[in-house]
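Please read the structure below before turning to the comments.
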Amino acid sequence: MAVNSAELIEIINLIAHDIQENKDFLTELDSAIGDADHGINMSKGFKAVNEKISTMGDKDCGSILKTVGMTLVSTVGGASGPLYGTAFMRAGQAVGAKKELDFNDLPIILDAALEGIKMRGKAEKGEKTIIDALEPAVEVLKKSSPVDIKLMEEAVKAAKDGVEYTKGIIAKKGRASYLGERSIGHQDPGATSCYIMLAAVYKAIHDKNN
Amino acid sequence: MKKIINNPENVVQEMLEGMVAAYPQYVRKLDGFDVIVRANAPVKGKVALVSGGGSGHEPSHAGFVGKGMLDAGVAGAVFTSPTPDQVFEAIKAVDGGAGVLLIIKNYTGDVMNFEMAGEMAEAEGIKVASVLVNDDVAVEDSLYTTGRRGIAGTVFVHKIAGAKAEAGGTLEDVKAVAEKVIKNTRSMGMALTPCIVPAAGKPTFTLAEDEMEIGMGIHGEPGTKRTHIMKADELVDHLMDKIINDIPYKSGDEVAVMINGLGATPLMEQFIMNRRVSQILKEKGISVYKTFVGEFMTSIEMAGASITLLKLDDELKQLLDAQADTPALRQL
Amino acid sequence: MKKIINNPENVVQEMLEGMVAAYPQYVRKLDGFDVIVRANAPVKGKVALVSGGGSGHEPSHAGFVGKGMLDAGVAGAVFTSPTPDQVFEAIKAVDGGAGVLLIIKNYTGDVMNFEMAGEMAEAEGIKVASVLVNDDVAVEDSLYTTGRRGIAGTVFVHKIAGAKAEAGGTLEDVKAVAEKVIKNTRSMGMALTPCIVPAAGKPTFTLAEDEMEIGMGIHGEPGTKRTHIMKADELVDHLMDKIINDIPYKSGDEVAVMINGLGATPLMEQFIMNRRVSQILKEKGISVYKTFVGEFMTSIEMAGASITLLKLDDELKQLLDAQADTPALRQL
Amino acid sequence: MAVNSAELIEIINLIAHDIQENKDFLTELDSAIGDADHGINMSKGFKAVNEKISTMGDKDCGSILKTVGMTLVSTVGGASGPLYGTAFMRAGQAVGAKKELDFNDLPIILDAALEGIKMRGKAEKGEKTIIDALEPAVEVLKKSSPVDIKLMEEAVKAAKDGVEYTKGIIAKKGRASYLGERSIGHQDPGATSCYIMLAAVYKAIHDKNN
């Protein structure tokens, strides 16, 4: 696999599309343990991203990812804006001036994203946040090299399991933490949106490879 | 959804336009940003106060922009913290050279967005400090969680820190007194009905005709428990019990009281609550120095109310009594 | 019925107790009567202003008792005019020797009860005058009917007549300026939801999810027509059309604007309305001198709002700007 | 027929009872074209009347009626308080110090009441008010003399017809007048309460005569 800038933009547009499709679902998840805006926030952000990157086909991959991050920071708001924004900005930094990415950039990108989220949100795994989907995926990607489509599938599966796992635990960070025990039994909106994004990337690359 | 609006996507923008049209003597809006600042901002040499958060809490925060309180109110989308660049613009617009205090309600989103804005401002050489308001005793406090939410008690921080800044306090002074207020403020609320975020079009949750939610968040987040609907006195007893025992407030203390309507609850009911609050405080030997009844930190059109107590000392009393002249809170 | 109350029969009494507990620096309650007077009543040598009506319109009327506005607010049962003896007690308590002006909203019940009280007071040698507020353009005006209702515009009468009395005006002066305000004030309102009188326990009427009522009375009386729910701008256009064409207000006029929330409608929506109001006035060449947005004359927890315009001259502007210090309206 | 002070009190208590029974009905009528409080107002007033006159058995009839009037004025509020209050006070004046009333006092009492209501409320027949029930009854009672139970029955019937009549007309006085055309089709609450009172008096006297 090799992904050039134009293809990176396509992948990000696919993320935007899937977030859009899941807007109501994410908002509904946020109704149960938050304030019913996660889908609205994310969809607003990725609509802006869509526009912003449409003319960046000639830019390097790092710039594109950083632009995604900055756009999310300045349009999403709430908790998810700074978190996903920082994640994409860090990913962009990690990638640098590359004009093409391959499978082995994936753990680097996602690890940088994860570190960004942890720095910004001061959360750890097991606190019912984005991290519960992202960290297991990163762990899978980092466990063997070179990375291939199978490992990627496994990583997405690990993110999905992470989302499942959030149902059983108490929220310790974010708005859902105010609920205490009552947060148990509900799936975390942020972990879910993270899984949706990872799944979109996998789907894009998988379709491209076939 | 029964609302007097045009397009749900434009509510914040149109609200701010309507507000500026109503109060040009007090405020203006920054072009291209959802930021309300004092008409005469920046005030040279005065520490500037910036607060904000998701919209839907009106008159918070822009309603408290004016003499003796805030210099800027930043309005996010409904129930969504504003983005860092909005807050950054606010900071730049109100900095009068003496530094800027950010008054942040303790929500993950608010904290992160304001922090990032603070970093941006510091990178431009503006002195920035911040305080986190976390008065809601409904939420368990713990080192291992996000801690408590900031709710209506935030308005006491605006009032008192604003008075300190107006009196010529340094950024350190203003921050210190804001922290003193935070340390001495506790609140708790309840809801009888949910509210509707315009963009969502339907209520976040539902409550049966005989149910109420105790410890409700101001974003319509679920509270700590759901119970049968109680009589006003019983309800107030319950909330006051939680609030008083938290600090705790003790016999001999002097307090300011705030009864804060969440939106749809009329003054009639707020006064009925205050009646019981004042009875309880009297029984406990806690004296009421000053009382505020009305809508200060709402949740759109939610029915319900919160109670806030602030323990006072001489400094706080004097600052609480200081003149204020803003659209939503005035004191001669 | 979802309300924060104890016994529906005691709401007025408990509300007044809670109000006095909140604002002892402003007001006190007459023992045994549902009457709120200034803490320092009677003010010697000043013309005293007495208003009142059914309860459920809070902050009207007791919330406007204080320096620069009313001397007494008389609180009837919810939506029921107070009885003559209550009004009579109020008159006696606030008369400072310069006479008493009764500010009456034009409802048969209010008129008769206040009139009887005035007769009782005159029989005891107190000089009494009265004015009838009838600002609601929703109602057809005709010599052969009761005429128009008094609604939110009443608060402008309180403000301006109160300032005149505070400035030392005689009873005749104060009455004259009150009548000038009445002559130049027009209002109209609408409702999205009904309200519930506590003693009745259920709404007076029902509105479907897609319906609103135009020209709604503040007692929950049916309005002039029921329509599909409109967008804010369309709705404001409709109300403003009726209001502006009534006097009519013309290009070159200067006006005060009041957007009055009826109870459950949040400030967000009131500001969205004011945005359109200010656009319309600008288009028509009518300039806005001062705007009031908030809850002034409510209908318990009804969702809806009214718009009021007051055409100003120099005297009215000066009195409108005068200092006021009351629980619900303050001006520095 | 002769009614002494104690019996007058009984009759008034019967009025109070019937008003109480019709509290919700009157309030419902007031919901349609008013502010949903007529039953509440009247019931509050007559509860107070009940207490106030219970110890007046040794007083003259005029004093009793005046007390009823003053009690209504000081407890009912709204439009009906001053109107019915004035009505009873005027009736008491008309009766004077009498310790016993008979049939022929009836037109005198009701005529005084009607005049009181007209003076206080400045309304005329045909404006959808109390007067539409009361005036027809007074007219019947005044048309022949001596008054007897038959004529009284006829008067009550006329009041009832008056209530029916209010359904077809536009309100010109009171809160319902704000409705204009929309007041048509609804029966007037005040006319109804007036009929209920007249019917209660008739029933009391009729039962006593049999």
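A few points about this structure:
Note that the chains are named A, B, C and D in the order they appear, and that numbering of residues resets to 1 at the start of each chain.
Keep this in mind: a contact is a pair of C-beta atoms (placed from the backbone, for glycine too) under 8 Å apart; a residue touches a chain by one contact, two chains touch by 3 or more.
In this text the structure is predicted, and so the values were computed from the model without any measurement.
Touching chain A and chain C together: B.
Rounded to whole angstrom units, the spacing between the C-alpha centres of chain A and chain B is 32.
For this pair, chain B with chain D, the centres built from the Cα atoms lie 55 Å apart.
Rounded to whole angstrom units, the spacing between the C-alpha centres of chain A and chain D is 76. Chain B and chain C have centres, each the mean of its CA atoms, that are 29 Å apart. Annotation, chain-chain contacts: A-B, B-C, C-D (touch as defined at the top). On the side of chain A, the complex with chain B involves touching residues 27, 31-37, 40-41, 44, 73-83, 120-121, 172-175, 177-180, 182. Chain B meets chain C in the complex at residues 2-6, 11, 14-19, 21-23, 55-56, 58-59, 63, 192-193, 209, 212, 229, 231-233, 235, 257, 259, 263-278, 288, 291-293, 295, 298, 300-301, 303-305, 323, 325, 327, 330-332. Those residues of chain B that touch chain A in the complex are listed here as 54, 76-85, 107-109, 112-113, 116, 136, 138-140, 144-146, 149, 197, 199-200, 204-205, 217, 219-222, 224.
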